[in-house]
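Read from first to last, the chains carry the letters A, B, C, D, E, F and G; within each, the first residue is number 1.
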Amino acid sequence: MEVVMAVTVGFLYAAALYMMLRRSIVKLVIGLVLLSNAANLLIFTAAGMVRGAPPLIYPGELLPPGVSADPLAQALILTAIVIGFGVLAFAVVLIHRAYEVVGADDMDQMKDTDT
Amino acid sequence: MLYAILSTFLLAALAPWVHRLTGRYSGWVLALLPASLFVYFLSFLPEVAAGGTVVLGPSAGGWAPAWLDAALGRMLWMPGLEIQLSFLVDGLSLLFALLISGIGFFIVSYAGRYLEKSRDLGRFYVVILAFMGSMLGLVLADNLIAMFIFWELTSVTSYLLIGYNHEDAKARKAALQGLIVTVAGGLALLAGIVMLALASGSYELSEILNSGDAVREHALYLPLLLLILLGAFTKSAQVPFHFWLPNAMAAPTPVSAYLHSATMVKAGVYLLARLNPSLGGTEVWFTLLALFGAVTMFVGVFLSFRSTGIKSVLAYSTVMALGTLTMLIGIGTDTALLAAMAFLLAHSLYKGALFLVAGILDHKAGAKDFLQTGGLRAALPVTSAFAILAALSMAGVLPLFGFVAKELMLESVLGAPGLVPLLALLAIASAILGVGVAAIVGIRPWFGPRVETPKTPHEAPPALIAGPAVLASLGLVFGLGTGLAEDGILAAAAQAVNGGVPVDAYLALWHGLNWPLAISVLALVGGLFLYSRWDRVREQLAWVDTASRYGPERGYDKMMDGIVGVSDWQTRVLQSGYLRFYIMFVIVSTALMVGVTAQIFGVSVGPLAIADLRLYEMAIVAIMALSALYAILTRSRLGAVAALGSFGFTVALVFVLFSALDVGITQILVETLTVILLVLVLFRLPGFLGLSPWWVKLRDATIALAAGGMVTLLILSTHSAREFDSIARELIEWSVPEGYGRNVVNVILVDFRTLDTLGEIFVLALAAVGVYAMIRFRAEDRR
Amino acid sequence: MNMYSLILRTAGNFLLPLLLLFSVFLLLRGHDEPGGGFIAGLVAAGAIVLYVFSMDIASARRLLRVDPRDLLGAGMVIAVLSGAPAAFLGQPYFTAQWWEFALPGGGELKLSTVLIFDIGVYLVVVGAVLTIILNLAEAED
Amino acid sequence: MFDYAIFLAYALLSLALVLSFIRLVLGPTLPDRVVALELLASLTVGFIGVAVVATGRSAYLDVALVLALTAFLAAIAFARYLEKGGHRVDD
Amino acid sequence: MIALIWNIALALIWMALTGSFTGANLLLGFVLGYLVLALTLGRKPDVRKYLLKVPRFFGFVGYFFWELLLSNLRVAYDVLTPTHHMSPGVIAMPLDAETDGEITIVANLISLTPGTLSLDVSSDKKVLYIHVMYLDDRDAVIRSIKVLEARALQVLR
Amino acid sequence: MIEFSMIELLTAVFLVAGAGFMLIAAMGLLRMPDLLTRMHATTKAGVLGAGLIMVGAAIYIGQLTVVVKAIAVVAFLILTAPVAAHAIGRAGYFVGVPLWSQTHTDELKGRYDQKTHTLASSGEKGSAQRDQGARGNRSES
Amino acid sequence: MSAYMDALVALPVILPLLIGALSLALWRSHAAQKLLGVFGTLALLAVSVHLLFETWEHDHLVMHMGSWQAPFGIVLVSDMLSAIMVVLTGIIGLATAIYSLSDIGSRHERFGYYPLFHLLLAGVNGAFLTGDIFNLYVWFEVMLVASFALLILGGERAQMEGAIKYVTLNLVSSMLFLTAIGLLYGLTGTLNMADIAVRLGEVEDTGLVTVIAMLFMVSFGIKAAAFPFFFWLPASYHTPKVAVSALFAGMLTKVGVYALFRVFTLIFNQDVDYTHEILLWIAMLTMLTGVLGAAAQFEFRRILSFHIISQIGYMILGLALFTPLAIVGGVFYIMHHIIVKANLFLISGLTYQLKGSHELKELGGLYRSHPMLGVLFMVPALSLAGLPPLSGFFAKFIIIRAGIEVEAWLAVTVALVVGLLTLYSMVKIWNEVFWKAQPEPAGRAAGSGAPAGSLFWMWPPIVGLALMTVMIGLYGQPIFEMAELSAEQLLDTSRYIDAVLGADYVESLQEMRR
């Protein structure tokens, strides 16, 4: 499964980066969403994927039955998802505001600040 | 010694208050410090004159309490880097110290009067005293880095002095030019001295001077020599770096007098003399110094002769003197070294005097140009007398000290170890022109028909005359009593330059009838002849103006423009303002770095396990990928959002099917909230625009796919290279007994890795505050 | 500003307490089963968001009684301070403290700094999401 | 044999997933896409239900629980967007 | 409503008495509580109403799921066959339900049952607009919907 | 075939039936001619399909907590799905998503006032035509 | 380790977190926020200084968060480098907190300036102290989101445009970082940096490790604003409130530099010849492009912003040369630069308040009217240019000396030339802002409308930081010794590893190999 996921994740990175190279700020946002998901899936894939073995322990037991999936990777992804959401919320509103201020969905009209 | 140096800086810091307290006498009051320093330095004279060398460690104070010595010694500066305030007092450094403090006395007292009406006088004192302290530090330091520190301090303080009239754009430009040129050289010097220390194994001059052979044989000798020369040449205005010096005349006259007579510009000469035992004596040393020195000498005096501005004439003649000194040090024979020291002294005296006279002409007659002057002898009797005396020394007329020095110089040139014809030719030409320049200075303002000066001329007060008087007179005193100077300090100085070996040469007013004397006579006659046709010669030399437009100064200007031009261009190219180019830069760089590295190190993918594929999982993953694809291809904004929703659900499904339940739940919730957020925001955002032509899209897609491919490669190779068990094993084992929780992921989040979670909720909170601020600011602005 | 839909309004009123109750359930059992402060917080925030959509923002704010930013601040303070008891007991910060109380009827109640921390997380998540959504929704009007 | 039943269920759901996605792409209007998205959420619940059987672990139901209770919020948001006049041709 | 609370309270008391806090025991407690209520307070009107409601509720649930199944089979037929047999339309149905809660529940139930989908309620809460898939006979459709409404209201009131 | 236990058989039936209904829902979504008819397919078949699968899961695991959870899932779906359907259907209708050409009756037409957001109960009161309102929206872009 | 030490290591993170949280909880009271601002940062500085001295004495202080043994929980580790950075955070935090009293209006206070401010400090300190790579990511995000929000306080167009670039590029960096962490975790199965170092030490095929190192290099390079990833910095740093600019200029990019120092000494030391050669080129190009970027600018803060980049190059150069002395130089440079650059921004803010403009064209006459400010500007400006005897000289000197010792001629040349061009820019500012007469018409007539008295709190931080610059110049030996000890610790990774993991664990790791 990791092979398929590796290819898919690579594709997601490509899709995200492609979107971020567009002029439209709305597309930039979509690129950010994809990128953050892609990174989470990368961690998931890199840590190894296990079917049907959630790291949950039955009451009264000390260990989960059999081999369990990597809970640490899951915790990391969970953290990354929430952080990603926070950052995305900020970015989305920022773009919203920038659009209001600049009045165009075109990143090319936001280049005067630099020089 | 430490306290001597520090006291100047301390007084500099206090100068504005002293100025406020003492009012119009502030010049005299503050001049007490250089005077007492002069006396203090004199106290070293007996030992030094006897050929002795005094090395003072960083904590060697003397009269101060021992704890203070120790504390200051520790503080200044950085033992870990072998930077310390140690001092070396020998003939050379003492000669300079005496000149700096001695002339400094006159400068400070003179300035108190000269700038009496300036409201910046208080600040001027600060800088001039700091400059004096720096100069003293520079010539007395034993530690190379300490010397360099003072070296750069002189650059900075002189920058402030040159830019004294800072509301004048010309002054600012000249100050900047001087600073850039000298600091540029200084940086070369820094590299040079670090290499010198590396070659000699020490940062202490007293040791470096004894390891000359090691240095000369070191592989780094040539580069370090070139770097140090670059430092010295820029500071001492050798061709082709001479252009900054005349521009520096924008400074008030006392500053010019100080900078050009004994201090700033001579620092380079000092450095050459100082390092002569260590670096000198080689073919390349001789060739470079003698050539650059001789050419500078000639160019200086030539330009001097064709100038008419009073300070300009004097400034270019300083360039000549600096060239002469460099040449002499390069020649390096005993005679030459003694000549160098004698010429140094003579020049300091007459040039200091003449600059101060120039100040008087400006101050009391309003004249800034020789063409504005003439026949002023009657109006300024005392001034003119000493001016003429100084000019005579400059011309090298018997029995003034200038004559002694010039004779010895000519003798050295004739006895040089090579290049004699060329050097002699330049020396003779310079001597002739030099007399001409001296004539301009010594005759033009004072004799001949009276020319109306901008202001009605008045004789100067004692504070202004004291300097020229004493300095010019000393030229006569030392000329008549050559032994006074020689035994007092010059022999010791030459000995120091000669690496501690006494020089086999002596000073005399009368060396007998010899070639140098003949040349002197020729020079006098020729010089006076040239002076008599000064106006016509200047006319014929008008082409020089055109030529100098293509000179080194133009090079400097071009370079500065070039830097700004390159900067402009670079900013346009790199900092273009287009976010997508920035992103592209980052992606391409990353892909290249990763790709090339993977290629170089032969990173490969291990055997791929594709046996466990399941159809429904493939379908889910495919829909995931297709959702992403649709999100990027659709022209419908909310279609893209809906696609993100479907993407999110399939991602959640992957998480859930592969055992990440908490993650799956979070993904679903976050995805839902993201969709809500986007829907709320898109309400006001415009539709997608098809802004890019097909080839741009193709290019971007290629870049993106290359980067994505790199990611795939990395995941696969990481997957096949894994060698260790995850620490998760322990976390699972500890979850129930230690963490009291059966959901291992949650136990990790709230217990094993609390800090992550803590940070994460703070991220969320910060984002919320940020959003709040953005929206509220907007709302308030609308109101 | 609501959608003027009676059905949605009524359903929203009904679903709100259900979702909130569900979120508390997720919070309290998160240490043993899927759930926890985040998930619970997100569900609670979702409940209020639903209320915003079915009623209006002003009603949602009235319902909350406190400004979401107060929830944010309180949650942050609680989360940070939940690590403090350990420090006072001479242990490294955030070392979990567990207190067990026997309940009448044989049950027992486990209280811990870990739970307190999770409550802090819950509050921050609710506060943050609501601050964002409410303000955004208001700005849109 | 039981595995085949599970496989069949998965397969049917996968096919449903694909079909819903096609509608999401085809639209043609935003509400059509939202309806497709809603069905995707329900399908996710279905997948999870099958997974419970396939793995024998009931904890998966918790995911379905959350999904069932919150996924409709997105649809409500879209509906609100439409009602408030955000709807345009390029949606 | 009081009766329902009583029933739940009885279930909880049962759990406390038995000392077993499991879902199964709660359900058992609830059933026992219902029986106890029926035996003791069965004649009081409000309790009686409650007691009747419980079987009606389960009856309604059965009816409802049956209708749901039927509606799906009909849709399935239409979906799976190549031609559409529909004759859709939007109708206005006068409401018997009065309170917001009743209206909402009725409307949602209508959405979940055969070929009908509630679109909206008029502002005066008198009429429910319904999209009907097989609108061959408007009155028949309304009649069948009314049956559903009535059964639901029976449980609710 | 023989290794099917009773539980497994029941489970398999429910799972496959549920999945089948969900597939039908998806097919309906794809094949039906307009928004409202598509919603008929998804709302009912979606809930039923998911519900059947949940029943299958509950039967298979057989524990009470699982049964309760499965019932809760179905109940939540029943609670939320029609609300969402109502919201989307209503919104879609009012913004002018076209109805299938063979829709022969529309008693809602013309009864919604875009300005006051009131929906009349009989034919006379409506002021704005549905199609006008829709066109008014579209012309914004 | 004693409970006291544990608390000491954690406090630089926990304290600002708590104060930030309290500031948010007390968001209605501006006075309380201001008080918390000044006294909170004062306390932070005190704690940090104490931590520095304890670290100096005990080499490494390790705190196991939640009592979970490393590498299973998260550790906070204070070595010299971390402790130094934390102290610098305290200094800059206090300086900007005081400055903010005059610079930050009630509008900004209302919209969360103080909570954001403290949480930024917390994020920065968390990044400096954490011994866990994922936790580093988390602190990076805390810091970043705080900086995002601070950047847009004000809501002007330039801020929005700048912020979009800042946010986007930093998010790209974060995603790269996350990607790299994911891969590293996949490879090693651990997150503790010491543990990663140990495990990577066992890996025979280092190629993949070096490839992953590239991702870290880019990610941190973006944060550090190194070439060719610096674009976000000049696009944004001149847009927020000056106190914010100063805080950013002082601390933010240095976190990236710190991270580079940390991972490219502790973790990625497999193919030093290769990785550090790349760093060398990055360093040189960063220096050059940064300083050239500044030459064409005529806006006070833009010039300063570009110079941040060029100065970052020096720090990276210290790392790239990878000799003990070079690392000393790098660390020294960081210390010097944070103080100096923050101060220059503070001064730019004061000139803005006095003259109402950041444009050199519209400024002038300050030497006449405020000679003291001239002196205060000269100190950091010349220090930045590396002129003796100020702090910058010693910083540059060490690096140049280190470069000469390993005969990295090109790097030394670049370092020297860039020093000169830096001087050019600083003198340009001096000429235009101070020496030149006030041009007519004056910028915005009488400053930004703030009454003169309200500027009072801008002075103490400027004076304080200038004094520090001078002090480092005159008495740099302690600073040098600190830098020397940091370099020693950074290069002898076994000290760090043993302190974090204990020698026993390192041995037992052999068994964990698959």
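In the analysis below, contacts are C-beta pairs under 8 Å (C-beta built on N, C-alpha and C of every residue); 3 or more make two chains touch, one makes a residue touch a chain.
Computed from a predicted structure; not experimentally measured.
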Other chains in touch with both subunit D and subunit G: A, B, C
Neighbouring chains common to subunit A and subunit G, by label: B, C
Chain ID, smallest distance between chain and overall C-alpha centroids: G
D-F or C-F - the one linked by more C-beta pairs in contact: D-F
Whole-Å gap separating subunit A and subunit B, where each centre is the average of the chain's CA atoms: 50
Rounded Å distance, subunit B centre to subunit C centre (Cα mean): 62
CA centroid of subunit C to CA centroid of subunit D, Å: 26
Between subunit A and subunit D, centroid-to-centroid distance (C-alpha), Å: 20
For subunit E, residues contacting two or more additional chains: 107-108, 118, 120-121, 123
Subunit C residues counted as touching two or more neighbouring chains: 3-5, 7-8, 11, 14-15, 18, 32-35, 38-39, 43, 46, 49, 69, 72, 76, 79-80, 83, 94, 96, 125, 128, 132, 136, 140
Set of subunit A residues in contact with two or more other chains: 20, 25, 28, 38, 40, 42, 45-48, 51-54, 56, 59, 72-73, 76, 78-79, 82-83, 86-87, 89-90, 93-97, 107, 110-114
Chains grouped in pairs wherever the two touch, ordered by label: A-B, A-C, A-D, A-G, B-C, B-D, B-G, C-D, C-E, C-F, C-G, D-F, E-F
Contacting residues of subunit C [partner subunit G, same complex]: 69-70, 72-74, 76-77, 79-81, 83, 86-87, 90-96
Subunit A residues within the subunit B interface of the complex: 1-31, 33-34, 37-38, 40-42, 44-59, 61-64, 68-79, 81-90, 92-97, 99-100, 104-108, 110-115
Touch list for subunit A against partner subunit D, complex: 51-54, 56
Of all residues in subunit G, those that touch subunit B in their complex: 17, 20, 24, 65-66, 68, 71-74, 107, 110-112, 115-116, 119, 122-123, 126, 130, 132, 134-135, 138-139, 141-142, 145-146, 148-149, 152-155, 164-165, 168-169, 172, 176, 179, 183, 185-192, 195, 199, 202-203, 205-208, 210-215, 217-218, 222, 228-229, 231-232, 234-235, 271, 274, 278, 289, 292-297, 367, 371, 382, 387-389, 393-394, 397-398, 400-401, 404-405, 412, 416-417, 419-421, 423-424, 427-428, 431, 434-437, 474-477, 480-481, 484, 512-514
Interface residues, subunit B side, partner subunit C - complex: 661-662, 665-666, 669-670, 672-673, 676-677, 680-681, 683-684, 739-743, 746-747, 749-751, 754-755, 757-758, 761-762, 764-765, 767-769, 771-772, 775-776, 778-779
